[in-house]
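Input: structures, listed below.
You will see subunit A twice below: alongside subunit B first, and alongside subunit C after that.
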Partner chain A sequence: MAYTVVGKSVRRVDAVAKVTGKAKYTDDFSERNMLVGKILHSPYAHALVKSIDVSKAKALPGVEAVLTYKDLPDIRYATAIPGIIEAIATDDVTVAELKYGTAGHPYSLEENHRDKEDRNILTRKARFVGDNIAAVVAVDDLTASKALKLIEVEYEELEVLTSTDAALKEGAPLIHDDCEGNILSSHGYEIGNLEEALQESDHVIEGEYETSIVQHCHLENQVSHAYVDSDRRIVIMTSTQIPHIVRRIVAQSLGISWGRVRVIKPYIGGGFGNKQDVCIEPLNAAMSLAVGGRPVRLELSREEAMIDTRTRHAFKFKIRTGINNDGKINGIHISAVSNTGAYASHGHSIASSGGGKFRYLYPTKALKYDPITVYTNLPVAGAMRGYGTPQIFFAFESHIEDIAKKLNLDPIEIRKKNVVKEGHVDPLSKNTIRSCSIRECIDKGRELIKWDAKKALYKNQTGDIRRGLGMACFSYASGTYPVALELAGARIVMNQDGSVQLQLGATEIGQGSDTVFAQMVSEVLGIPMYMVHVISTQDTDITPFDTGSYASRQTYVSGMAVEKAALEVKKKVLAFASSMTDIPAHLLDLKEQSVVFKDSGEKVLGLEVVAMQSYYDRVNAEPITSDVSNNARINAIPFGVTFTEVEVDMKTGKIKILEIYNVHDSGKIVNPLLAEGQVHGGVSMAIGYALSEQLLFDEKTGKPLNNNLLDYKLPTIMDTPDIGAAFVEKEDPTGPFGVKSLGEPPIVSPAPAIRNAVLDATEVAFNRIPMNPQRVFEKFKEKGLI
Partner chain B sequence: MYKRIAFTVNGKAYNFEVDVRESLLDVLRSHLGFTGAKQGCGVGECGACSVLIDGVPTDTCIYLAVWADGKEIRTIEGVAEKNGELSEVQKAFVDEGAVQCGFCTPGLVLTTTALKESGKDYTREELKRELSGHLCRCTGYQNILKAAEKSLEGHVCTCVDSPHYKGE
Partner chain C sequence: MYDIKGYYDAETVSEATALLAENPNLKIIAGGTDVLIKMHGGQLEDAELLSLRKIKSLEKIDLADDGTIVIGAMATFSMVFHNTILKDLIPILTEAAISMGGPQIRNIATIGGNVCNGATSADSASSLFALNAQLKLESKNGERVVPIREFYLGPGKVAINPGEILTEVRIAPEDYKGFAGHYIKFAMREAMDIATLGVAVVCKVQGGSFEEVRIGLGVAGPTPLRCLEAEEYAKGKKISSDTLAEIGKLAVKSTKARTSWRASKEYREHLVEELTQRALKTAVVSAGGAEVV
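Let's look at the complex of A and B:
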């Protein structure tokens, strides 16, 4: 379809605020006499607290409160005013004993579909280095830091389980008493008859692949402010992707009714999934309650944030694939072990989601997925951009490359032979592939990198510097349907001048959602972008309900709510104009700030005339608004491919990316400039995943070795090559304006493409990432190349 | 221990007492309200807290406030014209799509401003090196580099060795 604003690279609605320093983030706000909260982290990865003595810390001048698992304020009573507001107790347990789940998923009415509730606000059993043992509230940073040092804790050390192998060993100590074998879940799926499919195949090829623990490294660390307001309600301003879920989880963690919590989300400095979790808000609320509701600021340092928020799950895969001589895959068996660390957080959902989204790319007669998610004494793994797919696609897209090599098949042709076609219905989710341009994406990528010419050029290299080409494909999803609820809310109020305020439950986290939503409203109402005023802040007291920013669901799922809200406003405007002119509403349309005849485009009334009348007509006044909710019981599957060319220094193990292109089938692109930005960011994050990033731990003690930005090897501008972004735009019939998701997809396929290019250059298969110089050097040595 | 210091921020003079242990970032953000400077690491790794001190991009999280005595400080709040018009650098960041979450943006705009105002020529690689003290996790640096190049139009040379770095 032809659009006026949708599809244009209009300026971000928040760009000026951000380049002038006017955009306010959580810690840019302040309350008078704000106190400072700090956390005492466990130095042991697995230990019981035998005793805690806080008397010295409490005695330090300037210390307002010290909290331990023993003496968390019992909020259910602390916020009650006898005779006015009754305490609301959910059950008989104290707050200190209350366990809650932290993952930013919509609540489920089915108990067995809820996240594992395995966390206390403060614990008496440390399960990773960094676990929260105690906390202090003091007048300033320095006093709070001093007080932490005065808390005396006696620990009884337990056996430390840093690997999934150790955690799964018979007789291994239990990290959580109620979790046998340290296995959080092993739920998988099987489609068709795997053994039969493998037997029918000309070849059964096996491979093993491994990914490591990485961290989000959003520039703004977790930070929140909490206080009790004049109505005895707990107010939390926080850097989150999921304000409505934070509200629920804080209430659950404190055992109070949900309406007594108010969460405000201003601009946030990146999230990438780490803020689709509730890490600090319950403790921050408890801190404020411990000091009579006074405002308390809780900000994690970078070193804290890198171990005490969330990480990406490390996976180990074993794959068996049955394939015919012609390259047709008959059956795939994937076993996966996922390391979720000390607490469940998103837990097994990561493994399930990876296995679920993978299914769309290569439908086969038989597919068996056996994942297990295992607790260990490492930091907690949770949601991170891609949510299980970077892991499984690294494994399978490496594996299919190995198969092609082994059977002497063309790596592009083998993929083209097996990729899904439009009309395919997934046997488990029942989601239908209604648009699919993966073949066109492959062709485009092949052309961009000049695959054929370079392939011929790089045959039989022997020098110290070798070049190679690689590619890899992916499939994803737009939101979580049918796994979880996909509810989104939008509200529009038309002002007297015909401009509108747009209020959303979906959160702008840097990805540009506020801008694309404004474009949608601008498109539907025929008004310029500057007449759409987006209210960027979410406040759970005011904002429509939306589960938040995650699962690449904003443009698709929340976009549906926005389109619906705008269409309702349009309908009301036309009806009002009709009442003013006696022209039937169905003959009218909105264009260029005017009510016009649909057929001729002739102007009937200025929009501002209708808007003004809707406010002040003495008889018919009724301001035009809409307030909608949309439950998206549908999904659209985006696809894409990475093509890359690398140069490998055979003497030092250094891998240099010469060219890299991501080509995406994300349906209609609402804003090409912002879309490219998503691709750039995702690809660069994936380059770090492939080549340099890895959180390291001492194997014996579980102590982190590089939880800072210097030693972690986050790519700088000098480490990042030029990144090419391209799109094959085919509108998906289900999405608003034909869109499919794009936020997470760019991170999925670059790592295996880089790995495959290194294989092409060197004949060495790296089945474990990152391929940092040390690991490459060691492997070259092992292979006798050095 | 407190010490009286005097400096200017965006042309306005300040004269007051600071705790000698406080960083310039703390003083700018908490006492003076210049919240455009962000804290991303607190130890000089990420560049989000950069301001210009006598024209030089500096990480204020590891720069003591007392060291700023007698200096001219420029923060992101002082980059646009007084009438609100964006500077060339700010316009370039907006137009090139160099902004996503925006947390690293103030520091990058300031460093680019310093490069532009230096009047020196830079190769693309040198430009990258000058900007490499700023970490960004959203953009993959692509559009940031484009914005910086556009800001320095006429000062980005294609020669391999610019005079700027000779002898290093």
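Let's look at the complex of A and C:
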């Protein structure tokens, strides 16, 4: 389809605000006499609190409150602030004992579909180094820090389980009393008859792969402030991807009705899934309640944020694949062990989702997925860009490369032989592949990197510096349907001059959603971008309901709501114009700020004339607005591929990426420049994942070793090569304007592509990431290369 | 928010040394890029700071009449990197300077702070070791000059007495004239990282042989160090890949690497052996020697 604004690299709607510093983030807002809250973290990975003495901390001048699990403010019985909130508690569980889940999922009316509720605001049992034992509220940062040191806690240390192996061992202590064997879940799936499929195959090939714990490292650490307003409700301003979910979870954590909480989300400095979780808001609310509703700011330091928010689950995989001589895969068996750390958070959803999105790429006669998610005494793993797919695709795309090598098959051809075709219906989700350009993506990547010429050139290398090429594919999804609810809301108000405000439940978190939504509205209403004013701040009192930014759902799912809202406004404008002119509405269209004849394009009325009339016509006045909700009971599957060329220093173990291209099939690209930005960001995160990043812990004590940006090797821009982004644009029939998702996909395939390139260069297969110099050295040594 | 109890600044060295003599609790702050990190980490509480930032005389980089290179302690890494005297005469120091931190850090971090902080990973240290740098320390009662090899006592510990300020880093003409060198910073990142190993070498080449070689290493032990055995061996040896290989092996003997979660002893020693040779290969060419293949 030919569009005017959709498909153009228009400037971000928030570009000027961000560049000039006018964009306000949570920490830029302040309330009068705001107090400061700080958290006392457990120094032990597994321990019971025997006693806490807060008397010295309380006595320090400037300290306003000290909170422990024993004295969390309980407002359900209208005691803390008289009359503040009606009691809804029906049992005698105290707030301290109330357990809640923190994952940013839509609520489910079915109880068995809800996240595991295993967390208290403050705990009497430390489950990881960093767990929240107590908190203080003081007049300033320094006083709060000093007060923390004055809290005396006596612990009884318990056996520390830092690995899934240790946690799964018979007789291992339980991290959560109600969770037998420390297994959160082991729900998987089976399609077809695996054993039969393996038996039919010419070869059954096995492999083991492992990924590590990494962290999002968004620029803005978790920060919020909370107070009780004049309406006696708890107001929380927070850096979140999911304001409506924060509202629910804060209410649940305090045992109060949901309408008593209001959440405001201003601009945010990155999230990458870590803010699709509720980490600090319940405690922040409790802090404010502990000081009579006065405003309290709670901001994590980088060192805190790296261990006391969320991380990416580390996985261990065992794969068996049955394959014929010609490269056709018959059956796959994947066993996975996922380390979720001390609390469930997104828990088993990560393993499930990874296994679900993987299914779309290589449909086989038989596929069996056996994941198990295990609690350990490490920081909590949760959502992080890719949500389980970087792990499973690292494993499988490495595995398929190993298979190709073993059977002497071309790595590109083996993939092409097995990738999905349009029309395929996934047997479990019933999602249909309605558009698929993975083959075209592969061809394009192959050409961009000059695969064939370089492959020939790099044969039989022997020197200290060797080069190699690698590639890897992926499939993803656009939102979570049919696993979870995909509801989105949008509201449009037309002003007297024909410009509009667009209000959204979907949150701009840097990915550019506000801009693409504005483009959609601009396209439908035939008005220029500057006439679409996106209200970027979400406020649960005002904002249409939408569960937030995650699952790469915004452009696809929330885009549907935006398109629907814009179409409704358009319909109303044309109806109004028709009533003014007696021209039937179906003959009219909107273009260049005017009502025009659909066929000839001839101008009928200026849009502002209709808008003015809609406000002030003595008889017919009715300002034009729309307020819609859209329940997307459908999904569109994006695909893509990474091609890369690496150079390996055989003596020092250093791996350098010379070239890297990501080619995406994400349907229609609404804004190429923003899309490229998503790819650059995702690929650079993946480069860290492949080569350098890893959160490290002392094996015995569970103490973090590198929870700071010096010792945690996040790549700098100097470590990032030029990243090539390309798109094969085929419109998906289900998406608004033919879009499919692109937010998370860029991070999925680079790590295995890099690994495969290293294999090509060195003949050494790295089945564990990151491939940092120390590891490469060890492996080269083992292979007699050094 | 930092835990700062008091803050003083001096405009001259004598003002600073007088303040130090009066209040021995004063903690000197130059660029603050180590001091503030320590305060953030809680290793320095209730700090009373004495800032040297206003002492402009300490920012000078000069060539004395006798050929001694004099670098003021308050010269920042950016100043060091951009200084033409240093670039011409001792490029291994300017190479070290540009490898350090990122632009913002280089604009404020000083060479004096780098040395006085006492870290084995200090990027200027291996070069200054290879260059036999001399440190001038001043106090209310006078001044003294200490060779850099005697300055580092242990991790984070340097031979600076209460009341003293480092004012100059000096390199004598006989220590740099006729030498060429090379610095390799081996780190996990290309910027904003501490070295896994720092290798600074200088050499003098005469008719295809080494007349003299000096090797300074950072992070190969608790303090920066020199590889005296390897240096001794190199003297007068014909430059060849065998000679370099032997130098690499001997260099390892002077190290005291240990295994930590950052890197294993075995890997560090392997790097010493390999990177010493690589640095020397480049230095030999700069010194007018033939390329070693």
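The rule we apply is simple: the second predicted complex is superposed on the first by the 772 of 786 C-alpha atoms of A that agree within 3 Å, B and C clash if a C-alpha of one lies under 4 Å from a C-alpha of the other, contacts with A are read in each partner's own complex, and residues count from 1 in each chain.
Just so we're on the same page, contacts are C-beta pairs under 8 Å (C-beta built on N, C-alpha and C of every residue); 3 or more make two chains touch, one makes a residue touch a chain.
What you see is a predicted model; the values in this text were computed from it and never measured.
Participant: With both complexes superposed on chain A, which partner does A:Phe777 reach: first (subunit B), second (subunit C), both or neither?
Facilitator: second
Participant: Please indicate which partner A:Thr652 is in contact with in the superposed arrangement: first for subunit B, second for subunit C, both, or neither.
Facilitator: The second partner, subunit C, only.
Participant: In the superposed arrangement, does A:Ile205 touch subunit B (first), subunit C (second), both or neither?
Facilitator: After superposition on chain A, A:Ile205 lies in contact with neither partner.
Participant: Answer with first, second, both or neither: which of subunit B and subunit C does A:Leu710 touch in the superposed model?
Facilitator: both
Participant: Given the touch rule stated above, what does A:Leu150 touch, subunit B (first), subunit C (second), both, or neither?
Facilitator: neither
Participant: Is A:Leu142 touching the first partner subunit B, the second partner subunit C, both, or neither of them?
Facilitator: Touch partners of A:Leu142: subunit B and subunit C.
Participant: Name the contact category of A:His218: first (subunit B only), second (subunit C only), both, or neither.
Facilitator: first
Participant: Could you look at A:Met718 and tell me whether it touches subunit B, subunit C, both or neither (first, second, both, neither)?
Facilitator: both
Participant: In this superposed model, does subunit C or subunit B come into contact with more residues of subunit A?
Facilitator: Result: the larger residue contact count on subunit A belongs to B.
Participant: Just to be sure I follow: which residues of subunit A are touched by subunit B in one complex and then by subunit C in the other one?
Facilitator: Residues 142, 709-710, 716-718 of subunit A touch both subunit B and subunit C.
Participant: Can you name the residues of subunit A that touch subunit C in the complex?
Facilitator: For subunit A paired with subunit C, touching residues are 140-142, 145, 651-653, 692, 696, 705-706, 709-711, 713, 715-719, 772-774, 777-778, 781, 786.
Participant: Within their complex, state which residues of subunit C touch subunit A.
Facilitator: 1, 3, 102, 186, 188-194, 196, 261-264, 266-267, 270-271, 274-275
Participant: If you look only at subunit A, which of its residues touch subunit B in the complex?
Facilitator: 9, 11-12, 14-25, 27-28, 30, 142, 216-221, 267-270, 272, 301-302, 509-512, 673-674, 676-677, 680-685, 708-710, 714, 716-718, 720, 722-723
Participant: In their shared complex, at which residues does subunit B touch subunit A?
Facilitator: 21, 29-30, 34-43, 45-46, 48, 75-77, 79-80, 86, 90, 93-95, 97, 99-106, 109, 128-129, 131-132, 134-145
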